[in-house]
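Quick heads-up: structures coming right below.
The same subunit A turns up in both complexes below, where it pairs with subunit B and then with subunit C.
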Partner chain A sequence: MATTARTLPAERGRGGRTWYPVVALLLILLGVGIYAYLEELSEGMAVTGLRNLGPQGGATWGLYITFVIYFVGLSFAGISTAALIRLAKIDKLRPIVRMAELLTVICLMLAAMTIVADLGQPLRGIVNLFRYARPQSPFFGTFTLVISGYLFASLVYLYLDGRRDAAVRAAEGAPYRGFLRAWAAGYSDTEPERVRHRRASFWLSIAIVPLLVTAHSTLGFVFGLQVGRPGWYSALQAPAFVMLAGVSGLGMLIILAAIARRSLHLQARLGLPMFRTLGIFMFVSLLVYLYFVGVELLTNLYTGSVRERDVLRELLGGDYAWLYWSAIAGFVIAAALLVAWLAVQQLRTHIWPLVVAGVLVNLGAMAKRFLIVVPSQTEGQLLPYADGSYAPSWTEYAVIGGLLALGVLLFLGFAKVFPIIPLPEEGDDGKVVT
Partner chain B sequence: MTRYGMSIDLDKCMGCRACMEACKVENSTPPGSFFMYVFRLEQGEYPSARVSFLPRPCMHCDNAPCVKVCPVGARYKREDGIVATDWDRCIGCRYCEVACPYGVNTFNWMDPAENTYLDYDDADVAAVTGGVVPPYRNPALEEPYGPEQRMIAGGGHSRGVMEKCTFCVHRVEDGLDPACVQTCPVRALTFGDLDDPTSAVSRAIQGRTGFRLLEEAGTEPRVHYVGGAAPGPEAREVDEPVTEV
Partner chain C sequence: MNVRRFIVWAMVIIGFGLQAVAYLALAAPLGKPTDVSFSEPRVPFAPLLFILGVGIVFSAAIVYELLPDRPEDRTASEP
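After this line comes the complex of A and B, so read on.
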């Protein structure tokens, strides 16, 4: 056990040559983001590109809300992986469960911060959202189910799942022993403890599976329930949110797993069968999502109201067409790549088609989130206001860039002090047959 | 039981926008913020183009989408039918703004004290004000109103909060008409108790054909339009959007 563990990423100094420049770059990005947010705090949200709907011809929700949805979408990865392992007994995915949970936790924290960045009165928001909470508002679900329930469940899962590794690492005398001891909290890897742990994680994963659907649906309802917004008001909004969350979350997980495999030299542990499982799940989600897109397009083209068609026209051939068709192209190319990967013998032994597809669907997801949020506000007014426009300001880009950098930093920081890939258990010698 | 409402006679409205002006003075709204907005619309092509006007206050809906979505109850419906915004509780999430089908909400993107029509530091302006005339603010807007005693009157209060037409709640509670109604030179606007069949607003609606805006959205607006017609899909706004905050 000790020899296997020593090659694992928790060892300090591994990958040191590229680690420090990368961290420095991320810190700079984070600094710029913090500066931009401080400017927004002192000058007001006038420094963003957001403006009022109607007479002011702007969009009042823009890049921030786009990324709130994107971040929450990515968090899909953690719970789905945990559930697949525990409930569907897909043990192949076990090596990436911690990475997936970490991705969920970090993305939910980023989403919460992005919401705060979008509030006109952030301090008042943090107090009043608890003090005067109204369950009738679809936002209530975003704060309770998504940010609190989902995040809490994922943290508990991450904690329980990591106790054994913490105990093992602490016993080996790894760095940050105090932290590892605190995490292990007396765990000593005896058989009854293992059984109890396995049972606890099993029931926890059953408990959090409903969250998978409800939490992502809640965010869809924020948009889908608005009768006054053509392009939002649709019963398909919530299911489509869940599916695109699945596509982007699994895509991001594939990217992260590929990076870990390469940089930590874990070709054996993170083997092809695991990537194949992830790839197939992503492929199926992507097909279902594309089907939803088609259904929505057909319905709106065939029977949409005048305003509904106005918004659609802007998407298909107007100001937003380049973004719309790029997103669709990204999804379709990703799907085609996955078909080729499944069908062609020579491609099947590579993981690059999966990584490329993962990148494409994530870029597509960002674009699609933007296209859900913005055009309905600038082009979808029900009263005859002139068409509006919205372009994010550098402040918004900088804040989002800073948040993304913070996410990567948290990920790297965690990987530095804790085994990002679970230590092999008995009967699992770290070699997975490819 | 008093249930306030408004009627707008489109046969009388001539698009002078005096109501918009009166509203701005009464409610101290910053530039780019219009509690009352008058559409100037054109339809058809030359030589058969036609111009029409459509005043648009807040509709004070009985089934208000903005009230439903507010996460903190800053937007609420009063007993007397007025949809009010508590600017002291609003957190600035702007959900009401995207939920409203009428586009009546206006957000303070910057501090209203720094966002005035006149630059009071400008030499030419200072020559007139003598540096001693501050920007005018209606003092009645800083008081709490209604049985709930909440801060709901007027606009231009603080940065990062939502504001909208209040039916001039500070005037109505004193028994006065809203500023737009008071000012309209052709009495196109009428305000009063829709539950009282003898009130001015009830009489203005009675026996007239009319409509309510976007009734199909199920919002149950309390503003009734009489005369004229709802703008069709081919109606275009003549004015460009006001892009400064």
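After this line comes the complex of A and C, so read on.
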């Protein structure tokens, strides 16, 4: 490969003044999370707030499962954005394709770890899943496809997509050259290699889309097919899962792109048109999701069973009301911000309204995932048990905090050794000549 | 058909075939459970075989890109 003349920076994360303190803080959080998990492992699930349904008046799925769904949701938007960029040739979004792929891989790894944290006996659970899972069960689709097939497919996607940049960076003598050469695996940027890569990316995108829709729908079916659990049994569960996944994931991509733009000074490559496209996608997804929420609410209020309405009453005016209305307020404020951003000329030149909307929809998504998982267990009893309650213990908060810290660390670590924004190719504005 | 395409197509067919066989014939029987046999996979670790099938299909993309060119192809692509 010939030498490279570049007018843009390599987009490899550089350790600034804030980088090391942030990493130190994240390592502390991760350490606390590991300590909490080890305590859970030695003392059992008693250290969590999780209890049996019914007689113990608790919830067997709590904060961990909430975050499994949240992480898988983020991964959905990551890989679907990456696939759509290739399939629909949305060139404006091309600079964030690697961030989207990385978001998917990291979130799926975090989802897998969160499931492990939720299992009292992790090894037994993992082995038995691979040994006994039944094809009829949504768990089969969810955990075999999401955690295994989907993660593997995303890793293949990320790996193949990064080969060219790894080769370019290795040829430039960048740090971690051995790693970069191993990643490049002999890539030399010839025309046949480029053609092959384009073709492989296209078919990978085609193959990944049905896989991810199936995987996310089955995750919705885990809840939506449970006829004996008021609040879960709904035909809208799967599509609503997919829509909220899209909303939160796009919001997260906007946040990540804004951070990369600011910290790596990439105002030219991560420009306003790209944010505008992401913002419009997020706005449309958010409107569709709010429509689903409204439809489900009205259907259950008018025609739901008594127990169905009990769960709904708890959400609208009971113990969970503050969380429910906070989530709805978050979504509505985010939608209003996006409308203002689209309508007001002065706002359109700023990114902050999109970032604020991204943060709001992500907080709302976490709350909504919690509200999907928990109230139906504590309030949705068909047998004559008293209503229960669930409050996560510090162990659960610490484990989730540790996992979030791990996710950010993985992202920062990757950005430190590899271009987080794809290097420009011939013909791009970046004028790379190879 | 060159060697690259042959290997890739073979991997895709084997991968999808393994998924289908694992799902339909090796895992627990599909349909309304009538006895205990519906709770057990017909072959232990059938779900793992299904995942292996998914893995083989997607690995075909790596093989497609990484398999070195034949010398005559490489010569033809040089400027």
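The rule is short, and it goes like this: the second predicted complex is superposed on the first by the 416 of 434 C-alpha atoms of A that agree within 3 Å, B and C clash if a C-alpha of one lies under 4 Å from a C-alpha of the other, contacts with A are read in each partner's own complex, and residues count from 1 in each chain.
Keep this in mind: a contact is a pair of C-beta atoms (placed from the backbone, for glycine too) under 8 Å apart; a residue touches a chain by one contact, two chains touch by 3 or more.
Being a predicted model, the structure only gives us computed values, none of them experimental.
Novice: Is A:Gly44 contacted by the first partner subunit B, the second partner subunit C, both or neither?
Specialist: A:Gly44 contacts subunit B only, not subunit C.
Novice: Check whether A:Gly186 is in contact with subunit B, with subunit C, with both or with neither, and answer first, second, both or neither.
Specialist: After superposing on A, A:Gly186 lies in contact with subunit C but is clear of subunit B.
Novice: Thinking of the overlay built on chain A, is A:Gln121 touched by subunit B (first), by subunit C (second), by both, or by neither?
Specialist: In the superposed model, A:Gln121 contacts subunit B only, not subunit C.
Novice: Looking at A:Leu129 after the superposition, I want to know if it touches subunit B, subunit C, both of them or none. Which is it: first, second, both, neither?
Specialist: Both subunit B and subunit C are touched by A:Leu129.
Novice: After lining up the shared chain so the two structures overlap, which partner does A:Phe140 touch, if you call subunit B first and subunit C second: first, second, both or neither?
Specialist: The answer is both, since A:Phe140 touches subunit B and subunit C.
Novice: For A:Gln226, decide between first (touching subunit B), second (touching subunit C), both and neither.
Specialist: first
Novice: I'd like to know which partner A:Thr303 touches here: subunit B for first, subunit C for second, both or neither.
Specialist: The answer is neither, since A:Thr303 touches no partner chain.
Novice: By the touch definition at the top of the document, which applies to A:Gln346: first (subunit B), second (subunit C), both, or neither?
Specialist: The answer is neither, since A:Gln346 touches no partner chain.
Novice: Quick check on the superposed pair: does A:Thr18 touch subunit B, subunit C, both, or neither? Answer first, second, both or neither.
Specialist: neither
Novice: Mind sorting out which residues of subunit A both subunit B and subunit C touch, each in its own complex?
Specialist: 129, 131-134, 136, 140.
Novice: Spell out the residues on subunit A that touch subunit B in their complex, using ranges where they run on.
Specialist: 43-46, 48, 50-58, 60-61, 115, 118-122, 124-125, 128-129, 131-134, 136-140, 143, 222, 226-229, 306-307, 377, 381-386, 388
Novice: Under the definition above, what is the set of subunit C residues touching subunit A in their complex?
Specialist: By the definition above, subunit C touches subunit A via 23-24, 27-28, 30, 38-41, 44-45, 47-48, 50-51, 54-55, 57-59, 61-62, 64-66, 68-69, 73, 77-78.
Novice: Can you check the complex and tell me which residues of subunit B touch subunit A?
Specialist: Touch list, subunit B to subunit A: 32-34, 37, 39, 41, 54, 56, 65, 68-74, 89-95, 97-111, 115, 159-162, 213-214, 217-219, 231, 233, 235-237, 239-243, 245.
Novice: Which residues of subunit A touch subunit C in the complex?
Specialist: Touch list, subunit A to subunit C: 129-136, 140, 144-145, 148-149, 152-153, 156, 159-160, 163, 185-186, 190-193, 196-197, 199-200, 203-204, 207, 211.
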